[in-house]
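Across the two complexes that follow, chain A remains constant while its partner is chain B and subsequently chain C.
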Partner chain A sequence: MQTNEQAQKSYAQLVKKVSPNSPILKNCILAFFSGGAICTLGEVLFQFFQNKGFAEDTAALLVSGCLIVLSAVLTALGIYGKLGKHCGAGTEVPITGFANSVVSPAIEYKNAGLVLGMAAKMFVIAGPVIVYGILSSIVVGVVYYFLGG
Partner chain B sequence: MQKRIGKQTVRLQTPVSILATASTVGQKEGDGPLGAYFDVVEPDSMMGEDSWEKAESRFVAKNMELALKKANLEAAQMDYVLCGDLLNQCIGTTFGIKDFGIPFLGLFGACATVGEAMSVGSMLIDGGFAEHILCGASSHFCSAEKQFRFPLPLGIQRPQSTTWTVTGDGAMVLAKNKTGPFITEITTGKIIDMGVTDANNMGAAMAPAAVDVLLSHFQDTGRTPEDYDIIVSGDLGSVGHQIVIELMQKEGYDMQNRYTDCGLKIYDPNTQDTHAGGSGCACAAVTFCSYFYPQLKEGKLKRMLFLPTGALLSADSVQQKLPIPAISHAVVIESALPNERNEKRNEKRNEKRNDERKSGQVNTV
Partner chain C sequence: MIYWKAFLIGGLICVFGQILIDKTKLTPARILVLFVCIGCILGGLDIYPKLVEFAGSGARVPLTGFGNLLAQGVKDEVDAMGAIGILTGGMKAAAGGLTIAIVSAFLMALVAKPKQK
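What follows is the complex of A and B.
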């Protein structure tokens, strides 16, 4: 069988023709509604805490905390993974997705020990988000310092 | 007698018996279309262990023991054990068979491992180096996901072209001069790299290797697809299966009617959410051991061309954007030897005659 560059090119076309596509429209709609539902839940909690007499910034912190705990518990129960299968970006993008990405490797690697397993592997997925999150916030901070006045 | 025919094929001087096979799978496989054919369906994919890797080793140990039991042989009677899996350094295999005390040759052919084991095993027996050989292959959905993709509880969407790694172990006992079915010919595949880099489309990465070994086999033996009752690839799934048909069509071979894939057989994509089908070392191994072997044994299939397929990638090679080279090994399995087939036919004819005679006698009495 020919494996030269030309054969590879025409093969790539055949693969593209034969391979099924992801149902993008369906995925987008599900992501929109599921992501929106999580945000709505956050808003409900926010109002709840404010009604209980918490200041705005404290209430916001409490909302984040609640959503993180909820996501961690659902991940441990194996429910969040199943939700993610249907909701896609909807459950991945909000803060709950971040919690899921930390708890998942922690569970998966806990049998390799608490230090070299769970703790070391905990940030294999979330790590890049933290690194580039901090990096870009520094850049924005510097720009703001000079231009923002 | 010349054992080597053509560039990649050997014809065994003394065909090697597949004495017995055993298959142990997880619950998802048990719920699939082949559920009734497996020897054991394990409801607990952890197998009472605390890690996926240990669980895979339990699958290996239990199923290899079962294969020996079905062959009425002891581990001490095995001259070699030939097997492998997908985990780094084949630890699924090692910790499964370490207490057997059988001389061990570890094999890695990714998901084509069972074909490699059958090939090497039958050559060892035909060469006169062994009498009995235990061979097989295993994989576990969870240990494979952990090693090659993401932690299991992570909520992600799998693309439609992905396949689902089969959990289980397929094992068989090869023996010299016993009853059928027999391994008669082997075509060893070459590494084929068509530049596919998408690790979510293994069928596409592996299909060219299957095509290459098919073409070599037909060229070496002078046969065509019509010479086989069935041609079965390992774990190409719906995408790779379609590609093989199209590429073979271009080469002038019509595969449509007699070609299938273990990855298509093992799951129901409509109800089991497996997308393009099954994959993993165990996919070809358990499907052959449970579904095709009995059909060969009963003579429902006379001659089968079995070509497990493997993607030779690692998590690192994918991250470094290397292409996914693939391999496929073809093994010809025949239900009976040509002269034996005639004998069987004669036997049946005689039996029939005897029956007729007997019934005739009963009538006259």
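What follows is the complex of A and C.
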């Protein structure tokens, strides 16, 4: 497992050296446009919900909900994974990427059982995100409590 | 106008993630963890809410916005409940999004077939 990973890494480095033009610029442009497009879609939904009379917090939650459900459906159809290969961080960093990281392993491991397969693997990436997110929020809370706002 | 701002800021945050992926050995999972922590700390410092004010969903939709949500949740809860809010604020703020993600993952896993690799 470890050696396989190392082999992959050294191969990736070799590819990087041999590749004629740097793929970073291309990757960044793709990430910019795909990530920007997802955020713009979020803003369209946000304006829609605000016009319907929802408060800012509620509208923001509804936007997240819509994007998560959309991402879940696209993941199940195998479309989000294909997009991710081209868009990189553009599809990983938005909340849709977080949703993809929850839905994708849930589908892939469902044959391993509904408890230790689907349910456990659901949090392979989301788990660490939640753990460190909550820990940071506690740091923020402690500082805010003692130093005031 | 707000749509262009959302596009610009959201795109730039993703480019930052892409540079981290390409230039460092950080895996996407670590980058997501890093982004949530950055968003939470910037939220705690009251910097991120200004970005949300400027770019709307351009700042809310990337995972840094989720971190900011946790920070704002903790602050509101400390204001309302005192010290106990330090423990409850983060999870309360995250509750809606997480529940939607869990329910949709469960439903999709029931209907979708895993693909053989």
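Note that in this section the second predicted complex is superposed on the first by the 125 of 149 C-alpha atoms of A that agree within 3 Å, B and C clash if a C-alpha of one lies under 4 Å from a C-alpha of the other, contacts with A are read in each partner's own complex, and residues count from 1 in each chain.
One rule holds for everything that comes next: contacts are C-beta pairs under 8 Å (C-beta built on N, C-alpha and C of every residue); 3 or more make two chains touch, one makes a residue touch a chain.
In this text the structure is predicted, and so the values were computed from the model without any measurement.
A.B. asks: Which of the two partners, first being chain B and second being chain C, lies in contact with A:83: first, second, both, or neither?
C.D. replies: First partner only, chain B.
A.B. asks: Is A:7 touching anything from chain B or chain C once the two structures are fitted on A? First, second, both or neither.
C.D. replies: A:7 sits against chain B, while chain C stays out of touch.
A.B. asks: Have a look at where A:107 lands relative to chain B and chain C in the superposition and call it first, second, both or neither.
C.D. replies: both
A.B. asks: Between chain B (first) and chain C (second), which does A:120 come into contact with in this model arrangement: first, second, both, or neither?
C.D. replies: neither
A.B. asks: Tell me which touches more residues of chain A here: chain C or chain B.
C.D. replies: Counting contacted residues of chain A, the larger count belongs to C.
A.B. asks: Counting only touches as set out at the top, which of chain B and chain C does A:44 meet: first, second, both, neither?
C.D. replies: Only chain C; A:44 stays clear of chain B.
A.B. asks: Identify the overlap between the chain B-contacting and the chain C-contacting residues of chain A.
C.D. replies: 23, 27, 75-76, 78, 88, 92, 97, 101, 103, 107-109, 111, 125
A.B. asks: Would you mind writing out the residues of chain A in touch with chain C in their complex?
C.D. replies: 9, 23-24, 27-28, 31-40, 42-47, 60-61, 63-65, 67-69, 72-73, 75-78, 88-90, 92-99, 101-103, 106-111, 118, 122, 124-126, 128-130, 132-134, 136-145, 149
A.B. asks: What residues of chain C sit close enough to touch chain A in their complex?
C.D. replies: That would be residues 2-3, 6-23, 25, 28-29, 31-33, 35-37, 40-41, 43-44, 55-58, 60-67, 69-71, 73-75, 77-79, 82-83, 85-87, 89-91, 93-94, 96-98, 100-102, 104-115 of chain C.
A.B. asks: Under the definition above, what is the set of chain A residues touching chain B in their complex?
C.D. replies: 1, 3, 7-8, 11-12, 14-15, 18-23, 27, 75-76, 78, 80-85, 87-88, 91-92, 97, 100-101, 103-105, 107-109, 111, 125
A.B. asks: For chain B, which residues count as touching chain A in their complex?
C.D. replies: 50-51, 146, 150-161, 192-196, 201, 204, 208, 211-212, 215, 238-239, 242-243, 246-247, 275-276
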